[in-house]
Amino acid sequence: MAEDSDRATRLEAMYTDMAAHSLEGLWRMERKGPDVRPYLWQWDTVLRAVTAAGEFVDIPYPGERRAVALVNPGIPGALGSTHAIYTAIQLVRPGEVARAHRHMPNALRFMIEGAGVSTTVEGERVPMYAGDLVLTPNMLWHEHRNDSDADAVWLDGLDSPLVFGLAAAVYEPFEDGFLTETRPEDHSGRSYGLGTVRPIGYEAPAKGSPLLVYRWTAVEPAIQRMAEDGADTEFDGVSIEYVNPGNGGHTLSTMSCWMTMLRPGEHTKAHRHTYSSVYHVHRGKGSTIIDGQRFEWAERDSFVVPPWTWHEHVNASDSDIAYLFSINDIPTLEAFNLNREEPLTENGGHQQATSVFDPENPN
Amino acid sequence: MAEDSDRATRLEAMYTDMAAHSLEGLWRMERKGPDVRPYLWQWDTVLRAVTAAGEFVDIPYPGERRAVALVNPGIPGALGSTHAIYTAIQLVRPGEVARAHRHMPNALRFMIEGAGVSTTVEGERVPMYAGDLVLTPNMLWHEHRNDSDADAVWLDGLDSPLVFGLAAAVYEPFEDGFLTETRPEDHSGRSYGLGTVRPIGYEAPAKGSPLLVYRWTAVEPAIQRMAEDGADTEFDGVSIEYVNPGNGGHTLSTMSCWMTMLRPGEHTKAHRHTYSSVYHVHRGKGSTIIDGQRFEWAERDSFVVPPWTWHEHVNASDSDIAYLFSINDIPTLEAFNLNREEPLTENGGHQQATSVFDPENPN
Amino acid sequence: MAEDSDRATRLEAMYTDMAAHSLEGLWRMERKGPDVRPYLWQWDTVLRAVTAAGEFVDIPYPGERRAVALVNPGIPGALGSTHAIYTAIQLVRPGEVARAHRHMPNALRFMIEGAGVSTTVEGERVPMYAGDLVLTPNMLWHEHRNDSDADAVWLDGLDSPLVFGLAAAVYEPFEDGFLTETRPEDHSGRSYGLGTVRPIGYEAPAKGSPLLVYRWTAVEPAIQRMAEDGADTEFDGVSIEYVNPGNGGHTLSTMSCWMTMLRPGEHTKAHRHTYSSVYHVHRGKGSTIIDGQRFEWAERDSFVVPPWTWHEHVNASDSDIAYLFSINDIPTLEAFNLNREEPLTENGGHQQATSVFDPENPN
Amino acid sequence: MAEDSDRATRLEAMYTDMAAHSLEGLWRMERKGPDVRPYLWQWDTVLRAVTAAGEFVDIPYPGERRAVALVNPGIPGALGSTHAIYTAIQLVRPGEVARAHRHMPNALRFMIEGAGVSTTVEGERVPMYAGDLVLTPNMLWHEHRNDSDADAVWLDGLDSPLVFGLAAAVYEPFEDGFLTETRPEDHSGRSYGLGTVRPIGYEAPAKGSPLLVYRWTAVEPAIQRMAEDGADTEFDGVSIEYVNPGNGGHTLSTMSCWMTMLRPGEHTKAHRHTYSSVYHVHRGKGSTIIDGQRFEWAERDSFVVPPWTWHEHVNASDSDIAYLFSINDIPTLEAFNLNREEPLTENGGHQQATSVFDPENPN
């Protein structure tokens, strides 16, 4: 008894001693990964927020900051849609501009609405149309502007949770405010957009892509050709990856972008993997079942598939194709040999959906 | 005197001894590279030969063997247009076929005339149209056939002089005669022809390209966009390289293919380099000055720029674009760090053409 | 006034709406990287804790779990010495064993004390001696055992904060408890320890090293030869990197290990960089000035240089060499182009040390 | 009849026409690879020649040119021991020097006899001892000198047949005659000789190795450790490759060097492959059966295994190890996917030796 008591006292003293010196016993450590949760943001809700922001919020440079971030509720401190990927919906009004800047995170935009708004990257103006994917690889100077007379809306995607997590984030405003256009408009798209030929003398940029924009007008027919050829997959319908034509690698060093086509009525099989994905519904409506919960989506909604969660997609229409644009962190995991994947084997590869996610009562 | 004589005798004895034992003195060795000569083959001449071959020569399988090789006169034993590159003009008549086979040399065809003739590679039928570039990377099974009712003519390009020189050539006929079509027609072109997207799950083939065909209908507008953007070079007009979209590398592991556009009236500057090129005039007429000799070319002619010879191109037309397709051995030299290049600095970068090559009296 | 009040009300309503739907305004987001702090753990303190653990704590498998983690006080939740690197001091008593297991994090041990204790990796027993570096790359089965009759103490290093942060951690115990020895003892060291030759037929493992151990008996003379040749650097004395002999790359895919020699009396210049380092004093005594604060170290102490902090090293002895072993996350940053470095230019490259870190009153 | 005659006439006219225009019919082309023959040079014969050369031949710079090349009798024009590899035996007398130069071919020396003779490469003096391998990668300035008072003899190995064959050879003498020593003696060996550590800040040279010398005193024990661990192969005894520690690749971009240990009495199995090898007997005596012919070798003999010839090695001693140094062109073939290999399956993997090569009557 006395011994036990003595032991307890000494144990407590030891823990006090350790705590005072920033030590912790491995035997009582409980490590956990980030609590990334499945979630869905409905377009109406997001649009309402970003529109209201235009009316009630004083933002000195609205073209720079009027974006509404899709923040995963399980990891609010990460300020990301997953632990690795930030996404937001940004509204740029006619005449608005964002001053030039650069940063360590890689960024991309998927254009939702608008015509002829542009991003200028390192002296090249890139016009943006609905369905286009525009890249601003890390540390390239870039600015945005809406010279059209219609609102523009796009999806921002950044690897900022990763880069901030690695303590390597840097943000630099461009001293002169705006970039000078030194190259022809849409130059990279015109030079590298057909990724099978390129000007001689080409030398690949270290980790980045020579191509800044992927046009939906070229991508959609490419997917349709593959669909005609039967390029269906078990888990992801007919999916293409946007490729760096400079080295045949992923879209960016940290993130890969995909476009997934689900045929009318298609219901994929379920699997899970260590990478996470943020989906944006480009066209169509349907649902994705994630760990037994059904997330119903329609055009322009966004949703998250967390790491290592079972998931399968359903196109709810019997007549129309659905297109899902997505961003994942496969390149990050591949860099360190951390990719793992597993098919659901029971029940014919399909989950039982036991509940439906309610965007109005998400918890 | 006696001493000298003695010395001479002993020297001779020594050389005899050495020769008998396959030894040679470094002090009397004279090493030389291959004597590759500039040369030009006129289309009429080549066509006359390949047509005559169809009439007078008994060839068991004309679809396989009715090709006329462009043999560099300086290195007849190499059976190549240069020491590294073999080219030939092949005529395939309606109904003719070449049985399936594979070989260690990489091969390519540049389609000159015909519509709908096809090459089948590993179970995929690839239709060929004028201006298309079709690849058969090393050791892939392939066969050719002309199911159309018109003659087809193409340029063959192989790295056979290199592969034979490395004592690594292998040729294998396909046991069953002809391949079974196991993939959709034109599958690789439909899947990888837009080199900036591709089906997910793609894994690059070891050294080869996933793409078997580059369509002129896509390549020509790409070059024209680059030309509009001012992608002019000092020595090669506006030139594109056909790229392996799987890894962003050269067309093939041993050879790179280019298409060079010369603007109306364009006259490039002269340079020289360690790689050699075989040119085929896709469109237009003009001349190339090689080491002071002018080689005048017109559509469908072929000519050789040997290693380390000064050369510059002239488009003779003031109104029409000229297109030169070419094959070079840059990838081979790069593999061993052997590439070197030098601009002509004197005389404003231009040579004095002191003679004109006469194809009817080539020597 | 009424308008203002109305506006405020609507603004608040908007923020409530957003919060209810996991949305956040970019205009009010404040992103921060991890608050990694400089810190120093004195050997006596750590040893006291790990020894006490052996006496008062009931640990079912002491050989597996009796490790005291050096936890950075700025980021307690990360359970790492920095945001990217976990280190701990582990004590293994005679006769103790750790059952075989494998995990997604890469692990390494730097041997502090003991002779002949061993780690068995994938069927190969690797004896460990003071100063040796032993690797267990990710997902390789491994176990530890102390068959000697003396205590063994080592430093553990893992990339667990990164791998957990990427939600990719997996831990698997080996079903049969212990591995069977299928290869000769010390086989990888004997085969690849002289990194300039290797058995023919070698094919590099995908991301890992063929070498499991770097012997101090070989490393120390190598450093001394470099020191004799004057391989001094401005910021890091004479430093070597432990290299993957399979591909010439860093020690592991996520972490690089260094040994730094400071000459008697040496005082390096200051710089800062985006990577972080955990140092372990292998020999000698001195101090490191980090952002103006002096951290005094002696043999077996450990300390942290956080990302982007100015730091310079001082060997306090006029007669003896100091050796600092360190682990950094350079490979992780390089994978994404996130490495940046800056020399201190003012004051001759030296900081003013305005305070001294007190390990007994660290805050 | 008349028709036949007419046909023959026209055929002949066609061939005349073709020949006049450097055209050849594929249907009558017979392509062949180089006729590389197995051969063996006995040491006494070679030494006699190189010694005689010192007496009877006037060579302005004997230190540069007194080498006797081992020329394959099947391809005399290639001036190589195989179609890809040149070897020679060079004798450097006390006091002799070779002025500094550089060239496109890669070169290596395997030191046979002498102590303290040196090669200076780019300002670093590399002393050479028996059994050492010294590299001079392409286009590095180098010179040789014998400051000792004993004769030095080494084996030269170059890829000159390949580089000349690719028309890319360049030779440049150093203007100032001799190099200035700017780095410590043996610096690369001291810095990179333990290939598992290296100075921080290292950046790999493009295609070359940071290491200029592999010491026999380090290599021999490494092979013996592997032999103790049972690293025997079916066809090549216990063999090591000399590795580029900068990237884990082959010895040089074009050639790989091996050291093969044959245990007392060992008789390997036969195989054939597309690469060729030049062997130099470092120690021991035995024989190699090549395509059924036995080549008996003793210390310092050299012999050739041509591409695609069956071969197996026999150590004739029951008590002593044999060491065979060899140079092959594996890296060249791998660059283009041209490597193929085949085991002999019949007769237990062994050939019938039906004849013995007689070096005195080689034909």
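Chains here go by letter, A, B, C and D, matching the order in which they are written, and residues are numbered from 1 within each.
Throughout what follows, contacts are C-beta pairs under 8 Å (C-beta built on N, C-alpha and C of every residue); 3 or more make two chains touch, one makes a residue touch a chain.
Quick caveat: nothing in here was measured; it's all calculated off a predicted structure.
Note on connectivity: the fewest steps through touching chains from subunit B to subunit C is 2. The chains that touch subunit A as well as subunit B do not exist here; no chain meets both. Taking each chain's centre as the mean of its C-alpha atoms, subunit C lies 44 Å from subunit D. Chain centres here are Cα means. That of subunit A falls 54 Å from that of subunit D.
Centre-to-centre spacing of subunit B and subunit D amounts to 31 Å, using the average Cα coordinate of each chain. Multi-chain contact residues of subunit B (touching two or more other chains) are absent. The chain pairs satisfying the stated touch condition come to A-B, A-C, B-D, C-D. On the side of subunit A, the complex with subunit B involves touching residues 183-184, 187, 190-202, 204, 211, 214, 218-219, 222-223, 225-226, 228-231, 233, 236, 238-249, 258-259. Across the interface of their complex, subunit D is touched by residues 7, 10-11, 14, 17-18, 20-27, 29, 31-34, 36, 39, 41-42, 45-46, 48-49, 52-53, 55-57, 59, 65-73, 79, 83-84, 88, 90, 104, 138-139, 159-160, 162-170, 206-208, 253-254, 274, 276, 306-308, 329, 332-333, 335-340, 359, 362 of subunit B.
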